[in-house]
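Shared chain: chain A. Partners: chain B in the first complex, chain C in the second.
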Partner chain A sequence: MKHFAKYWSIFQITLLNSLAYPGEMVGRSLMIIPFMWIFYQLWKVTFSTAGADVISGLTLRDTLWYLMLAETIELSRPPLARTMSENVKDGSIAYILNKPYDFMLYQFSAAMGETIFRALVNAIFGGLTVWWLVGAPNHPEGFIIALPAIFGAWFLQFCLNAMIGLSAFVVEDVSAFTWIYQKLAFIFGGMLIPLNFYPQWLQTFAKMLPFSSAMYGPVYLSVAPSRELFISVMTLQLAWITALTILLIIIYRRGLTQLTVNGG
Partner chain B sequence: MKEFKFLIAIWKTNLQSAMEYRGAFLTQTIGMMVNNFIYFAIWIIFFDRFKDVRGWGINDMYVTFGILASSFGLVSLLFGNAFMLSDIIAKGRLDYYLSLPRPVLLHTVASRTIASGMGDFTYGLISYVASGYFTWDGLARYILAMLLAATVFVSFLIFTQSLAFWLGMMSNFSNLVLNAMLTFGIYPITLFDGYAKLILFTIIPAALMGAIPAEFIRAFTWETLAQLLLGAIGFLALAIITFNIGLRRYESGSAIQTEV
Partner chain C sequence: MNPIEVNNLHKIFQTKRKAAGLAGSMRSLIKPEYSSTEAVRDLSFQMEAGELLGFIGPNGAGKSTTIKMLTGILHPSSGDAKVLGFTPWKERQKLAYQIGTVFGQRPQLWYHLPAMDTFILFGKIYELDDRETKKRIDYLTEAFEIKDLLDVPVRKLSLGQRMRCEVAASFLHRPKLLLLDEPSIGLDVVAKQNIRDAIKRMNQEEGVGVLLTSHDAGDLEALCKRVIIVNHGQIVYEDKVSNLKRKFLTNKMVEVRYAQEVAKDFSIAGVEILKVGHYGVKLKFDTAKTQVDSVISHLSSAGDIVDITISDPPLEEVIARIYQEANK
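Right, the complex of A and B next:
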């Protein structure tokens, strides 16, 4: 337990750091407002053109609350891969690696510390905007039920981003990988369009990938909560978390042997 | 003419500098093209399912995405520092440009090339060719529209980022307006009406970077050309005036150093 106390402290310090600049945090979170407004315009017209109140099991209200949570998860995620890449490029990685803590656990604690407050502010702004546009969610309890899956989503996103960040040990600049990862997460995670609206073959394919466990699963659970869905989302997510954690540890150990530090 | 020669010299130097790291340049160019393609695939999925949005179909999206990507890419390649002007101002890094006998604004924004811009620029052209609207006179309009849209975009960046002379560090605000510009630029203009449309022509001139140039490329009208020209001249004037007024308030960061 004592072993984990230092990571809890790292988490707390990063969280307090983010609280130290509330203006900046609020400014950054304002972005969710135009996003939700434009999504509302798009889906209002789409539902109206389709002449249907429900499309693939989702109403306009469900769709907007779905997109709000998806945006909240995405916009709250710190740019971990870029930070790790910067650490390698400017040599500061040397100072992080020789400290008496595990590098990956340090990164995870710091990333979560950055995420929590940011997510809260995004959810408040996004939630208020969507509430004003389409009204209260049909299943408000869904957001509580989905909480464990949302944390699981952040953990999965951490694993995937850390792998990209670790590639900086070999290639230094990881921006191209982060762009592509982000867009794959958009498309296969159902971030801009719920996977329900995809053709069946693409839905099946997307649901087999970790991106859907890191986005679609938890978000869909929040708008259509049920015991069966909860069990199915959590089971798949845990399987991905186990697989990706193991893979991350292997990549990290291999990466360490290839790292070249440029000064620092 | 003298300034134009100066610009050419800077761009040449930037290009040589980017070519020093050919691997990184290529990775970023190809990476950005793949990135754009995957992003666009979302629209393909959307229009495959819902066919059109108030008369706006996938082919219109190809053109809009194309012109937006090309003009964004052009600005990244030629005026890369426009994206980080607020940082340069707030951190006192204008000292370097002020100490040289060249136009400060032009020198500052043109002193950086963002390699991934080549990927955006190229992808934009490919997207237009694939749109089904391609004609040779359309290509000429594409080039003109791209130049005007890029002028609006770079001017908008300079204008918003010059507010750093008054507000200090404002990278969040800069990111906010940049994201808003790109997000609104790519969505079908037919979604918006009334005040929303007015905002997209003025406060966040995304329509002048996406929908209006796209309309001009599809079919020539004097009206769209006038809108683009007026937008480009108006925003350029606004950007230059704001920067110059702000420059009077600039406080040195005592940071005369080599800018690479």
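Right, the complex of A and C next:
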């Protein structure tokens, strides 16, 4: 029990630390309001040009709620890869590594501590904006049903970002990898355009990638909840979580042997 | 069993080399060139239980790299080490329960939160009971005189106050061994003395062994019984501090600043004048040949002193003297 209590404490202290400047955090979260307004203008024109109320199974209202949740997940995610890279560059990795805990679980607990409050604030601002623009979600229960998948999405994003962060053990600066990852996540994760709107062949391809399980799957589940979709989203996500966790552990163990700590 | 046993430890870093300018960057991209730096070379030493061991040397001597290998953060290129019976880089987590560390240039306290939050977190990380954590915090609060500092966000503390909290935090889980990497760096004289006193007290009361790296010979004189001096990753001297003092730390430097312009001849037999100005003077002398009080009284007779600093020669100078002795 004590073994797991430490990770809960790490989560708590990171959460407290992220609240040190609440005004700054809330101010940053206000960014979701113009984002939602721009998305509304874009998709309103798209739906009216197409002359349809439903495109690929989604209404304008579904699309906006989809994008709100996608933005909430993305904007709440801490810059883990960059932080790990900074830790290696400034030598503070020495302190993080020499405590009696699992380094990757420490990173995950800390990342979740940073994520939760930001997600809540983003969801409130984003949700109120979308509600005002298009009305209440068609399936409010979907957000509850999708919760496990949303946490799974954060875990998958953690795995992918931690792998990039760990490359700092060898190359120190990871900004190029982070840039590539972001673009891939935007396109194949369905962050700006739901994957439903892609041509069939691209949809099939994108849905097989981990980016889809880390964003599109859970978010789509929240706007179109069903038992079948829940099972398929969770199954694919669990498969990716298993594969990426194993890969992450392997990369971490190899990375440790090659670590160079700056400043001595 | 000695708490630290180091045998032929070797660490080589690969450093990427790049010529200046755009052409150099492009060349480095296509065909990167690396050079090897031997940070630690064939290092062997032991530390006894409860010992206060100084591990000193100038910047870049390999002190921090050695400490990082002994805590298991860095893997050595070759050689072996046992710390409290563990091979650090293979059993890092098990070892972490038994040792404390302070890296003077890197904070371990959460910057935006009061130090108390980090203390409580460390209690959880080291799996102490809440009651035990509280008792321990009370004890360390008194030993390090940090009662009024624990509820202040760390970012609002002075460097000296922060370092007292940093060192106290590293004692929270009753470590058997403390590895201190430059704990006094950047501190003023009073702050240094506070930290030294507290470390000494913990050593005496709890028997915790301390391996201390520093490039300040003062830390060594104040705290350690035995000293290892490293330079370019190798041991250049290993002996009792008393012997080192007798042989190599005989020089003192005195720097004085006066309230008004002085025009006195500062020449004293056996004293070397390093720098002289209208408002001050810097001297160096051998304490075995010239008494400190005679120098001070000579200097104070020149005018009203507003500031005075007495310091040891830099370690680079001590090492140069050790080399000279060895070559004789």
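As a convention for this text, the second predicted complex is superposed on the first by the 262 of 264 C-alpha atoms of A that agree within 3 Å, B and C clash if a C-alpha of one lies under 4 Å from a C-alpha of the other, contacts with A are read in each partner's own complex, and residues count from 1 in each chain.
Keep in mind that, in the parts below, contacts are C-beta pairs under 8 Å (C-beta built on N, C-alpha and C of every residue); 3 or more make two chains touch, one makes a residue touch a chain.
Since the model is a prediction, treat every value here as computed from it, not as a measurement.
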item: Contacts of A:F177 with chain B and chain C, given as first, second, both or neither; value: first
item: First (chain B), second (chain C), both or neither touched by A:E24; value: first
item: Touched partner set for A:I38, first chain B, second chain C, both or neither; value: first
item: Which of chain B and chain C A:A50 touches, first, second, both or neither; value: first
item: First (chain B), second (chain C), both or neither touched by A:Q200; value: neither
item: Touching residues on chain B, where the partner in the complex is chain A; value: 24, 27-28, 30-32, 34-35, 38-39, 41-42, 45-46, 48-50, 52-54, 116, 172-173, 175-176, 179-180, 183-184, 187-188, 190-192, 196
item: Interfacial residue positions of chain A with respect to chain B in the complex; value: 24, 27-28, 30-31, 34-35, 38, 41-42, 45-46, 49-50, 173, 175-177, 179-180, 182-184, 186-187, 192-193, 197-199, 202
item: Touching residues (chain side chain C, partner chain A) in the complex; value: 13, 39, 63-65, 67-68, 71-75, 92-94, 96-97, 99, 101, 103, 105-108, 110-113, 117-118, 120-121, 124-127, 153, 181
item: For the chain A and chain C complex, residues of the former touching the latter; value: 2-3, 5-6, 8-10, 13, 16-17, 20-21, 90-95, 97-102, 256-257, 259-261, 263-264
